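What follows is a pair of complexes built around chain A, which joins chain B in one and chain C in the other.
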Partner chain A sequence: MGKVIVVTSGKGGVGKTTSTAALGAALARSGQNVVVVDFDVGLRNLDLVMGAERRVVFDLINVVQGTARLPQALIRDKRLETLYLLPASQTRDKDALTEDGVERVIAELRMRFDWVLCDSPAGIERGATLAMRFADEAVVVTNPEVSSVRDSDRIIGLLDSKTIRAESGERLEKHLLISRFDPARAARGEMLNIEDVLEILSIPLLGIIPESEEVLRASNLGAPITICGRESAPSLAYFEAARRLAGETIEIVYPGQKRGLFAKLFGRRAA
Partner chain B sequence: MKSIFGFLRPVSSAPVARERLQILLEYERRMVSQSALITVLRDEILGVVSRHVTVDPECVHVSVDRGDGFSTLAVDIQIPQPERREGVRRGAPR
Partner chain C sequence: MAFALAPEPPVAEWLAELDGWLRGSAAFFAARPAVLDLAAVHLTGAAVAHLVAELKARGIRVLGLENIAAEKLVPGLPPLLSGGRTVEVADTAARATGEGAAKEAKRESSLIVDTPVRSGQTVFFPSGDVIVLGAIGSGAEIVAGGSIHVYGTLRGRAMAGTSGNANARIFCRRLEAELLAIDGYYRTAEDLDGNLRGRPIQAWLAGETLMLAPIE
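Up next, the complex of A and B:
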């Protein structure tokens, strides 16, 4: 039985889709079967980031409503044969998703794959709550910025109250993925630092993705960054995060942590 | 926080962000759990009262005031007086 992970954030534009694609590809590279599912009905984008936008025939709504079978809607990645995409519908709205239908599709995906990564839409409405509803674990993507941290706090509250796991009194593990982190700005006190965000949200840290031009380059090319920019800093951070998600214990090194003697002596006071 | 070079660059803003968030989230977490409680209390109290009188759900107000040592719960239900209501309704321009 596969593990169902929701990638969520509350706020839009923080890197949910980028992270879903990058983590999915990183997990698939280790030979495990992975499906990334786009729950952003009406505003799908995971197909574009995965470079599969011209191969979409059927989508999640078709499968939920029974007008297509699951294997017909799944798109196999051309670069990684263990990576699949289940796209969202572009034309329907979020009300086309039913809880029963989503439950059935998730159950079927769980049988076929080792990992089911659900890319949640932004917001806290139906699409977002259904994306998290049947999850075993959650990856909360947060930027070190006030509005993103606030919205993540709301989402953590929903994960703890509106999911099947929470309702049946089971634990739903939550992992914090801090993206678009700029160590230089954090060191200058211009950006919330990692400790601040961790203290405020108080869920365990899965990884820190540094701000990088490579992320935009990857989405321009239509490939997860863990496929096309493999040696870049964000890619390496995603690979490590994926291994932690799979249960490995790897020490998290804060970007920019290597300090010179001067910074060691005087830098602390700025934090 | 300001060093002797402080005038050369703006005061760091991250500590301000951190403090604003801490204050805001402490308040919001309390409000979310409180508004859920208020909804439950409101519905249950309304259920009990409406078994005996017809109550307009719009005329029920429940509020909680959270203090340091104790909190208070105030329930304000307007029970309509049938004949008065009729009078008002008849008199109201349609």
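Up next, the complex of A and C:
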């Protein structure tokens, strides 16, 4: 049985789709069966970042409404054979999603894949709440700036109240992924520090993805950053984050902070 | 953001209690519309209309109704609301385990919240003190009939003494609040002394002025 993870944020444009694709590809690279699901009905982007926009025949809405079966809608990645995409519809909108339909689709995906990554739309309305409703865990993507942090706080509140897990009293594990971090700007006080963000949001840190031009380059080429641009700083950070998601304990080194020689030689402290 | 009024039977007694609160803070509801939560009472449509009129006579505008069967709605009543996001421990206890438990919960004079209060959440506890073991996020609200104690950073709004209790106080480990109010008298972040920010403070009411001082 697979794990369902919602990648959400509240705020738009912080890196949910980029992160869903990057984490999905990183997990698939280690041989796991991964599906990335686009919940942004009407404003779909995941297909573009995955480079699959010219192969979309059926989508999530078709499967929810029963006009197509799941295998007909799943698009296999050309580069990683265990990575699949379930795209969203571009011609409909979020009202076409029904809770029962989404429940059915998620249940079926859970049986076929080790990881089901749900790319949530921005906002707190139906699309976002349905994307999180059946999740086991959540990755909350946040930029180190005030609007994004407040919106993430709101979304965390919703994760603790509007999901099936929360309603049945179970814990929904939440992971913080800080994206577009620029250590120089943080040092100048133009951006929040990692500590500030952690203090406000109080959820465990999954990783810090540095700001980089490579991300835009990769998405214009139709590839997750962890496939195209694999050695870049954000890609390496995503690979580490994926390993932490899978349960590995890896110390987080803040960008811009050099590990002392002593620590490098003698210490690989567990995080 | 609206307050939820939850009448309990007998309604006449509840209205008398409300009158008592209003004597202490008459203008409290002047700018605050209320939502009427009818979970604990069984009223006909006409009785609900009468209750709404009684509240209107007391200066309380009811902007919506909760927990009433749609069939009972007669024309002229405020709309039925759903999906309210208030967090009220006493109310959810009532719905889950019946009236006996509800009366138990209402007699509790303090509410302890041991998780952070996230942006957009409201903790509404008119029966007494609220103690939060965590931070209050920006855009979150605590509304207490008694005092508010925040063992963490207060970034949102804290409104104490809402049942007309002018002796209520607000305490926090770190002041970053957007608004503080006691018994209806409030100050926004702009009116708070700059060198109180980021420090542990207590707030209390002296006459009609909200006073703040650091806690050493």
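Throughout what follows, the second predicted complex is superposed on the first by the 258 of 271 C-alpha atoms of A that agree within 3 Å, B and C clash if a C-alpha of one lies under 4 Å from a C-alpha of the other, contacts with A are read in each partner's own complex, and residues count from 1 in each chain.
Going forward, contacts are C-beta pairs under 8 Å (C-beta built on N, C-alpha and C of every residue); 3 or more make two chains touch, one makes a residue touch a chain.
Predicted model only: the values in this text are computed from it and were never measured.
Of the two partner chains, chain C is the only one that A:S202 touches; chain B does not reach it. Legend: residue contacts after superposition of the two complexes on their common chain; A:V140 is shown touching neither chain B nor chain C.
One of chain B and chain C touches more residues of chain A, and that partner is B. By the touch criterion stated above, A:L192 is placed in contact with chain B alone, chain C being left untouched.
When the two complexes are overlaid on their common chain A, residue A:A21 makes contact with neither chain B nor chain C.
In the superposition on chain A, contact of A:D153 is made with both chain B and chain C. Shared interface residues of chain A, touching chain B in one complex and chain C in the other, are 150, 153-154, 157, 200.
Here chain C touches chain A in the complex through residues 85, 115-116, 118-121, 134-135, 137-140, 153, 155, going by the rule given at the top. Residues 9, 12-15, 17-18, 20-22, 24-25, 28-29, 32 of chain B are the ones that touch chain A when the two sit in their complex.
Within the complex, the chain A residues that touch chain C are 124, 150-151, 153-154, 156-158, 160-161, 199-200, 202. Chain A makes touch with chain B in their complex at residues 145-146, 149-150, 153-154, 157, 186, 188-193, 196, 200, 270.
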